[in-house]
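Heads up, the next two complexes both have chain A, just with different partners, chain B and then chain C.
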Partner chain A sequence: MKRGPPSTGAAVQRREGLAKLTGRERYVDDLPLEDFLWGMTVRSPPPSPRGSITAIRFGRDVDWSQFVVVDHRDLPGPNVVYLIEQDQPVLAAGVVRHVHEPVLLLAHPDRDALRRAVHAVEVVVEPEAPVLDFRLPSRSDEIQYGPDNVLKHLRIEKGDVARALAQAPVVVEGEYETGAQEHVYLETQGMIAALEGEVLVIRGSMQCPYYVLNALKHALARDETRLRVIQTPTGGGFGGKEEFPSHLALHAALLALKAGRAVKMIYDRGEDMAATTKRHPARVRHRTGLTRDGRLLAQDIEVLLDGGAYVTLSPVVLSRGLIHAAGPYFCENVRIDGRAVFTNAVPFGAFRGFGAPQTLFACERHMDVIARTLGMDPALLRRVNLIRDGQSTATGQVINDGSDRVAVLERALDVSGWREKRRAHAAFNAARAPVRRGLGLATFYHGGGFTGGGEVYLKSRLQVAGLPDGRIEVRSANIEMGQGTLTVFTQIAADRLGLAPDAVVIAEADTARVPNSGPTVASRTTMVVGRLVERACDDLRRRLGLSESARGDSVRAALRDWHRAHPDQSLVGEVVYEKPPGINWDDATYRGDAYGAFAWAAYVAEVEVDLRTCAVRVTDFVAVQDIGKVINEILARGQVQGGVVQGIGWALMEECKWQDGAMVNNQLTNYIIPTSDDVPPIRVAFLETPYPHGAQGAKGLGELPIDGPAPAILNAIAEATGADPRTIPLTPERLMTIAEFGMRNAE
Partner chain B sequence: MSVLLPGSRREALELLARSNGAAMPIAGGTDLLVHWPQRQEEHDRAYLDLSGIAELRPVEWTPDALVLGGLTTYWDVIRDARVGRELPLLAVAARQVGSIQIQTRGTWAGNIVNGSPAADGVPVLMAYDAVVVLESVAGREEVPLERFYEGYKQMRRRPDQLVVAIRIPRRPYTFQRFVKIGSRRAQAIAKVGLAVTHSAAGGGGWRVVAASVAPTIRRCPSIERLLEEQAAVHSPEELLPAIARDVTPIDDIRSTAEYRKLAMARVLFYDVFRGREQGAGSTDHGRRMTDNG
Partner chain C sequence: MRNERDMTTNSAFRTPHSALEVSFTLNGTPTTVSVPDSERLLDTLRYRLGLTGAKEGCAEGECGACTVWLDGLPANSCLVPIYQVRGRRVNTVEALDPAAVAPLLDAGATQCGACTPGVVMTALWILQHPDVLATHTVRELMAGNLCRCTGYDGIVDGIEAARP
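Then we have the complex of A and B:
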């Protein structure tokens, strides 16, 4: 394994680790708060996902004079949650488009009284024809967005797919489906709104303080000087706290403004699961032309995403999904056509991977379907087609990063014992016992940072301030949610200036104090924002009049000297994102460099399938990836292991059960996530081929590990059983219906 | 909400009688807690907290029975080494209830009166011919567990009665097996549960008890008959008609009727009908069916 010299980070502990370990960390619900009201939401009821609100009836058993009641008429500005398109209301105004749409907000000092009051409001909906299956074309009376209910249509084209398919010696087709997934962050959504003088202050669990700020600014028609958003320690996000917290912040703010008192809103698990976003369900079709020895000649891919009842982030989820759909392979002729469509389901939104897990599941499962059709070793099929330096992706991005993708694959095969285990499994399965074993592989990639010109558009700003006591303070809007931002930023800044980790302070993500360094999403924090930390450290050093090589004592001394010479002044190094040279993207043609850098990976899953119950147990897992540079190995391993566990859940057990476009198994009793007993040993290895424009050479890591597990596991099940599963979650119930291998074969 | 805190069994029975059946006895409280936030209406009633009644806790071995107290927990049984030797399915099932935290609070009597068709403790008790001992101020009554349930959450316990003991006859067994098919390897609710025993002793024979496939946990007389008659069964499919006579699985939020029938047939075929021969010598008395080891 290639390894650079150890950074100072090797010994850096997670900065907030002790507070979390000892239970002293204060999440939003733990903050001391006096004289406040609880806030709750009255939502549109099942069974009508779509219709007009004809009446709102307040029960007679409640003394409503004790309650603060807010509806859409209380909005000072436009009734819109500001995002890509301004189509989603803060509170329903006359019509609803999905079950559980927020209609009214109530506040009261007593939480139980509030719960009873919420149940005492009846929202009457006159139903209209809903769209509930994203795979079916909409009838004319079901159209609710544009001419055809298509929220976004995108196409990527390279070469001549029609001709290449017509001439290909072998064509393999396949259709694959993936289900929704619930984030199951440990800390449910929560927000406090309070007026402090003229300033409306929002404190809460969130990934993107400036998204919340912008949403407040727009819908409350309130300028930034009278708004302040502070992220509180966040117990997991996984994308679920990317766009959704804007809704809750607006709700809490409206109640607080009307009540003239602080308002706290904390969702319980049932409301959180029923009413907030999930991963987009998807259907992906492949038509692939190949030579008889397995070389890709043409990839024709059609992607369909269920967008749910509002646009939310579906266009960009679709975009990332499409860009990753052809896999980490070289092919001259590629056509990827994708649509995100409207349905009357609770809107889908950001979730770790952001469209890529869906399309990569299809791609990697399809590679094994191809391998079986050709009678070829799935590892060899991938090795033949993995993209080499100098070759281009579907968008025409020439890959030239020096990373050895075949070496990543080979290492995964070695560590997993691929060849020996496949032989051993074949012998084991030949005994026809009720238990079968199999090994499955996925090779994949994930682009770090915003897609295309996104990072340029964000214009992220970041500051590193020099303090009078010789310490420095990193000021960014990027937040800690368990993934390690505080620790990694500490390491990057400490390494850059030769300071001890405890000489680095990370400022609270408070929009009154930190510049907008962009959202904490898209695997961009370490790679993109971490690089801004380095550059801001350099800028600070320049402002001190130090040379580029100045580190440690000389920096500390210069900081103290500067402050002695400039009492009561502040010293701030500041930078704005600059596009790395040679990166070009054309959004009109969808061609060019989709991402600054891709991380590359090969994952191997081993499974045992019990033919009696069709229960699948993942018995071993190997995850190998080249992420440029490992900045903190413990945290990096944690990201990979967590992603694999989340992937096991998505592949095998996490199933959202729908009724009228809403999740009905919205409790952890019936939405099944893996326990520690369902998780195999996860063996993680890193290769490091530095990316020159990432912090210390790092590429994005956060999302990569959710892309590979599902296809690797399904491929292993296919290998173990001879079945051909195409849909996840592959629950035992689903596997039993497709399992023609049957018990007659088990002797 | 009002909580009654009796200090003795006698006092508990009197409080129960006086409340006219309105008070709900609580032992571990583990079933109550699950729905507590959602069921506001259950907050406004009287609860009879049994936790102070020490006499209901101990496990007692008599010459011909194991007697669990009304407050005996799963953990009490797991820790009793004689259970592991003589009535091992009790320990096997107890270990598959919820988490260790639940096992240390939840009680066998609570598992019976909660009446869930998916209970983990009830199937093994029924397969061991357990008898429910009920007591009220009017006196004691004993009901065999297999006749205790009358319908979904309907049972032969009057509101003034407490389950004060569960009596399990001591017999030598030649076959004992508990299988729980859950949605994951731990902390799962059974999609199918099966407890199967065979004893050659007087009053013995085959017991096949199924969970999560009918409105109540129940014995499967048709399957038992096939075993008693030593019928030749060549495939899981041949068991389906008997399964259809014995149980009525449904599609619900956890599984499907079809899956439940097929999984039950396959487990019975491979683990019971084929396992009969080696049953006596086997020490592997139970498995999680997500556990393929």
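Then we have the complex of A and C:
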């Protein structure tokens, strides 16, 4: 019999895969629930993003005695959703700062009656001057935050940018804009709250059970012993279920506490798209000094983010955006200045990439603008400037990870057929057919784990318990939302102790049962938390009195022996995060090692542009990355393919239409995401240069793939058409308005 | 813009209706339900019959997460009023042979799983009707099922691997 096969790198099947494929997986709206009320939200209406609530009128056609009604006065604790800054109310109390702000909560056993009741409430808002364009300076009557509506200002400085720019033989400037993006997780936000004895139990779709627990603890003024948060199988997150579920959990909890019954709240797609967070819109300006042969001398970068109407996670989104803004290049003189500004838009929040996709779009599109200015091959420009081991990033982090970034680039060029295709396309386009072809490149990087001292601050804890039957149980708060946590943790633990994958149990992410191993965000789960799984396995082995090399049968036997000797006792290996040696960050000066490790990538997009319709079709896509170690190839490839397609959507078709600071195309009929027929196969290749402090050598992967597609695609469009697009989403309508393109089109 | 709806108008103008008795064949079994006449097949399946495999992703026939077979053809059950099901055959993901999905599992066709039951219903229909592959690509045939996780390669590869 085959025993304890090492599962490293092997394509171990997704653990919950069969349940998902046969419809047996139970998401929050699928759970059997008896005697409950549906809950819904009454929100502040357009057209007044900002103002005072002067009246709330309940329609006469509704028998309100049948409804549970909650407003801000029902909060037992402070009216804030606990996060970085305590500025966002659970329910609006007198003032609103954006359209769709939650004002009242209603509950009723009949969902249709509830929908009619929501529409029978009129919230009257006396308007004040709103800020709706983050790019314009605020007038005095628009100031709502600090002296200038700036939520956060950060600066990274290295060398002497002013002097280097003044002396540079070539200076290239550019301005780039990126739009908001909606997550479109296929499962909308949903939550159930119920009192079980004295304990308020929350079950729902979420990335961060302990964020939800914290938010409940503060706003409900309820101690942790009377709170329990259980993550249900989560149908996609992409950051959209990082901070927002705290709001929904509080809303469901308030209704359940007032009703004395279980309450279920499930957003329909329209409400989910209109009222929840999105990717921050951004404007990035570059001023770059170079030698005539393309060596970077100075990078002067200015980043502006639309922060929306509350702080949410904007300061840390800005931070990650700035740290990635200079790209994976070496430059001695760098200045990155960034601001997130308050507007009266529905708040923006976490979205896969977390600021980096915006700044890397600008950086990588700008590299091609530079290449065109210098008359240089875009691949050569990047090869000349890619950071080498021993050189430092903008924050002064010396890169020494052994990864060969030029090899990553070369591999992408080889796999995509860069040189041959560029020649072939030039010949094809010279025939002046109505369809033009182009190839575009982006080289980029993504830091895994929390920024700077974030992981130290989190103090993540994780347990691996030894069970009496010889199996082990991994207890972490890190959740499965499709990205593969259950499978990868299984492999990591099985490999560490030489057990078969089915001897590993992953505990449900239930705050009553698992320690706080931190949020499931920031590409940290495999790299950082996976390493905790390994160390907790080691701790378990120590507690069993086994040597470090003990694996397989000896571990299983020791587990059974221990439990025979200690009946009814539990055996738990437990670890707390420890900062890897040699990693130092100074938050005051924004200098130092911003991340434990960066993953490196080079993506190549091929496009066809129809000059008659301005329709762009991505015809080939090659994604090459060094992620340290591929733990499960099918899962890793799936992360890249999914991220790339989400990036194709952001680049070409996903446009949030705004009115009064709220999304008005809040339905899948007119917010277009890619279908299977809109995208080509995504060709993926991995290089592996192990990171010694990541599980099995792994670096973070989840966010990396959304950083590269947009610039690669726009660079390809520029190559195909001669146009100079600077803004995404580059819809056909937008492409048609680009002047140079129109001129060329008319030739 | 007129075509862009208010965020909660989905079903907002429903008014209470009288109960309706509807008999149909569900996964091979004769079934009768007494439901409000405005109810959607999706709600009947999920909230009355406990068949929660089909999901509501958009409620307007865009995403395909609610796909079932109606008289043997894939249909968005969010767009089917229950009264239209009278006397017809409905098949849901729950009735499928688990062995049939193995190639999809191997290829990485599911990640978060919210779109997956709908994807599976369309995918298995394609595999049972290979003649459509003579005139359409798998990517064209799957374009009515939105997936936000896989980028579609896992789904397309799984179907290709299972092709007769």
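Some points to look at:
Here is the rule we go by: the second predicted complex is superposed on the first by the 729 of 747 C-alpha atoms of A that agree within 3 Å, B and C clash if a C-alpha of one lies under 4 Å from a C-alpha of the other, contacts with A are read in each partner's own complex, and residues count from 1 in each chain.
Please note the rule applied: contacts are C-beta pairs under 8 Å (C-beta built on N, C-alpha and C of every residue); 3 or more make two chains touch, one makes a residue touch a chain.
Quantities reported herein were computed from a predicted structural model and do not represent experimental measurements.
Contact with chain B, but none with chain C, is seen for A:M736 once the two complexes are overlaid on the shared chain.
Of the two partner chains, chain B and chain C are each touched by A:K657. By the touch criterion stated above, A:G638 is placed in contact with chain C alone, chain B being left untouched. Of the two partner chains placed by the overlay, chain B and chain C both lie in contact with A:D268.
Looking at the shared chain after the overlay, A:N665 reaches both chain B and chain C.
Within the superposed three-chain model, A:V435 lies in touch with chain B and out of touch with chain C [touch as defined at top].
In the overlay built on the shared chain, the residue A:T291 is in contact with neither chain B nor chain C. Here chain B and chain C are compared by how many residues of chain A each touches, and C touches more.
Touch criterion met: A:R612 reaches chain B, while chain C stays clear of it. Once chain A of one complex is fitted onto chain A of the other, the partner contacts of A:R116 extend to both chain B and chain C.
Within chain A, the residues touching chain B in one complex and chain C in the other are 112, 115-116, 119, 268, 270, 657, 664-665, 669-670, 674-678. Interface residues of chain B facing chain A in the complex, by the touch rule stated above, are 34, 37-38, 40, 43, 181, 183-189, 235-236, 253-256, 258-259, 262-263, 266-267, 269-271, 289-292. Contacts from chain A toward chain B in the complex involve residues 112, 115-116, 119, 268, 270, 434-435, 608-615, 617, 653, 657, 664-665, 669-670, 672, 674-678, 731-733, 736-737, 743-744, 746.
Across the complex, chain A is touched by residues 1, 3-12, 14-16, 36, 38, 46, 50-60, 62-63, 65, 92-94, 96, 98, 101, 104-117, 120, 137-140, 142-156 of chain C.
Residue ranges of chain A in contact with chain C, taken from their complex: 11, 13-14, 16-27, 29-30, 32, 40, 43, 100, 112-113, 115-116, 118-119, 183-188, 233-238, 268-271, 273-275, 481-484, 634-635, 637-638, 640-646, 657, 664-670, 673-679, 681-682.
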